[in-house]
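Here it is, the structure, as structure tokens.
Order of writing sets the labels: A, B, C and D. Residues in every chain begin at 1.
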């Protein structure tokens, strides 16, 4: 495969390079830029010396159509201007931004405060939550790769909602993320001295991943209630831990919840259900494409606590994008994605 | 005042020393130990050289009665064996452990898995949540200083529960703590390499602070529903951020919630209501005795998100203990506790 | 005292506020800004709510002359434009930037790449390394407060150089700093995701503190050899650890080195010599004005390893500035600076 | 290849499993334990679920001889009791501990304070610094895999010493390490709350890697002067940055140093010389087998500052061990070791 990456200098782009470098089907990987054409990439990111020393290429429509796959890993609003004209022109398109995720353009306008993608492109885009949309992904020209938070949340909640084991009208999701999710652009919010030794809540009730989660719950589990979802920044680089709280439907047991998850993901190589654990954290999956899930029922309150962890840059971004590429090209989902979690 | 500290080598004890060193009424501070008698304290903790070079004293009943105040900052089950015989013998007693917090000995047995304190001592103990129990604290011989999590949670929820602005039957509390809350004893759970770059949930539905929170909600707000409460370990040393989610009673607005908090704490120097903020975190209060609270209503779900932050070692332990001592001795609550948060 | 602070929104300024808030002689503290006049300070820094709610004032010459002390905590090149006209106008001036430290304007031009302060002002400025320049500081109108790295390095090396116990022609200094030393302005270099889990060397042989250290070694110990000095950024917020390596003069023993330090600082409350220790780190002094020093001779190589630690924002900036103010006003050096190190 | 790992539950062992899992020649990997026989490994380390679910095996001589390679990743003194009897019995032996590195048993006794391995075994062991000892490694039955610090130090200094570009009698090495180097056993030294926000020096002049470095400098560069070498613990999990300072031989330029390094390692895939960089840190190599080196001459002092970075668990332990295995089995050195650094 000939692979093009637009937005290579962001963290999503860097992670695509890291993972694709050892992908057996990646014959050629070219990086595209809107502003740094001609720069030797390993001069900026010296950790890639001897690994990826090519020069950045300018984004030109005709050049892009020569690739088998184009990944866009760009800030909101950028891929909207690049991808629509490429649909059907040859390459499979995989967008890591939020531009093609929300089917309703008004939702995009409201939550992203930017102009939405054209409706025709939105219609064609397929939501790339691999474990839940494989058939559509296989046929898709344009994949809207899920957000990091939605990936962690949806994989853990969808089986329980679909089986009607938890009450969809009473769900609270408290998510904690490492700082790399905020990207590579310096800001006060991600300045080391104000982020280190600090756990903070941000964008309360206003995170753009809220409508994405709700849309997917409707799409895959047929439930339509709004959710409460908050996001926290913790002093680490990688990882998301999402703790979800749901009222149980009557007489549902912990065993039923665990079994529903185990059965649903019995053939999905990247989702693991962890049954016994004292301490369940993001280091479970560091650097890998796994999503690990742990469930515990509180008999005192008849609620379930459902916890999931991912590496936000892998399963929450570049890893899932490659997983989707594998599906599109009919190769094993795990190709190039068998990294073992670092743990330490 | 002559002050004795039992358990000085733990983090609660170290923090008592740090704060009391500049307390204008502390004439003399002696440290007691069960195992390291005669050791010069600053030989073990060299950061205290020239500040606290005294030797550790052995714990002896007759010696202890000569003090005006005795603080115990010991592991669960230890102060149970020390304090009951000292009640009424002279010194005011302030216990930083959980031994005298739960009024029902069966609760202690169930949640701590240890033998409870004698019922007569439990009856006499006064729960030291300063802002809610000042009159009783003033008269108390034995104060059960609140746990770190309960302090953060109760200060933010009690006014809203008492005023019936939120539904007590539908409360979820997701708490995140720095690692110092686990004390100074090395363990796999607090080993740097497995704690750094890792956010983890632990003791799901089994944390011993659950019955303490419920007892206090009953005591101060008259509500008796069980709560859902979980605890997470984040890679930082100090700080607790508690995010609570509650269904609103009908027609309650964000303004009403904020005002209820502002009015309740209008004369409490250590509780601050932060109204406008983009990012609200534990660095707000680092090293200080403040509890800061921020509330946001989600009109889409009719739930409130109530966030509070404390320094677990100050307002969550040693600071509140000194605040209680000040109340007991009829001096200004803020005496010796006016440290400005470090922020960075 | 009426105190004015210019540059309050930087980390040096925030730390001055933190420390001066509890200084018994600080009657009034006003903050000055060049760009945010009228802003309520605690709206920007909510951790100061109820502590410092005043509005920022515009910098005006006539207004500044009404103060007893003016601190400038501004980026390089700024105080050069403010302080010269204030010399002798009334207030004592204490500059935390590097603008008045280097006596030779050519050195400033070379190492700071900016225009130097006027020679007349440079002549009047007194280098504020309190323990070495107390008499001059007492008389000074304008104090050039030392840099963070020079403070850590000089306090540990000067006694040994002055007594000719180590060879001044063969000194290597390897310094490690927390990230707050880089200030509050976001940049790629201080972006959390690229700073966390990373120890890095920067500005090799080009750090502007090199000529400052050499000038002070000449001034206080009469030695003129150039030094090798490098700086590293470690993933923590506060703290500097400087490890210096020096060839011993013949027959000098570890005991002599330790004694020279102990004798030199016998009456200096903020310098502590730690003799026995397994692990000697920056948490020794976190949040306090101490400089702790530890020395070890390697008989195999006849070199000494001399280690010193400070909190870069306290003894390395705001704390030492206040210490100098105390000296200028003939009050005890330790006034307002008796914070106990946080350690954890 | 059939591979056995003794000491799998330590961090070296975990890293061997992580890297060998994707090694194309690893047919079978078995884990051996002295104390936890029969335990399913992924029950203890849940991050390995579905990846490595086998049970731990007991260490038995006869069983071990059936393997092609045996890695020992055990605390000092353990492999001394296991490996000598296996030499020549079939498997290639690769020891990650320090037990077979020092040729002189008295050195081992002095620096490790333990009984040394038998002289016959020491004679047969080959020091596994791959880039400097490849021919011997290829023939070796028993490889003493280098320590983490020596690897970082030697790779950067040996070419300059061998070419006599720097003065071997005047070398100072200041090394900084992440905490994972201390292993998985909890202790006060590695307790999160005392390690986080703390940079510390430890074991001053007493680190057991000192004689190892000196022995290798003698072996590969023919120089015999003792070195000054110190070690620091910085608050991160992985990574070593070693800063070495050396007096230049007369008229040697920075260009000569850089060229000497580039030429020496022109055909070594894991050593990279980074010429231009503003900030040079351990995130360059995070999770990978690279050793990156950067050199800068200070014309003011005629000294060179030579900086090298490795991931202590990869090139400093498990990665180099696998690199040595590849050499022993005549397969490409990079097999199974082409992980791209994580950087963020």
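To be clear about the criterion, a residue touches a chain if its C-beta (ideal position, glycine included) is under 8 Å from a C-beta of that chain, and two chains touch if they have at least 3 such contacts.
As the structure is a computational prediction, the values presented were derived from the model and not from experiment.
Relative to chain A, the chain whose mean Cα position lies farthest away is C. Each of A-B and A-D has its own count of C-beta contacts, and the greater count is at A-B. Separation between the centroids of chain B and chain D, computed from CA atoms only, is 45 Å.
Chain A and chain B have centres, each the mean of its CA atoms, that are 38 Å apart. Once the centre of each chain is set as its mean CA position, chain A and chain D turn out to be 36 Å apart.
Contacts with at least two other chains are made by residues 11, 178, 180, 184, 193-194, 196-197, 235-238, 280, 283, 286, 343-344 of chain A.
Interface residues of chain C facing chain D in the complex, by the touch rule stated above, are 170, 172, 174, 176, 178, 189, 193-194, 196-205, 226-228, 230, 232-239, 241, 243, 245, 278-283, 286, 294, 296, 298, 300-301, 303, 305, 307, 343-344. By the touch criterion stated above, chain A contacts chain C in their complex at residues 11, 178-180, 182, 184, 186-188, 190-197, 235-237.
Note for the complex: chain D touches chain A at residues 11, 14, 17-19, 21-22, 43, 45-51, 180, 184, 196-197, 237-238, 269, 272, 274, 276-277, 280, 283-287, 292, 313, 338-344.
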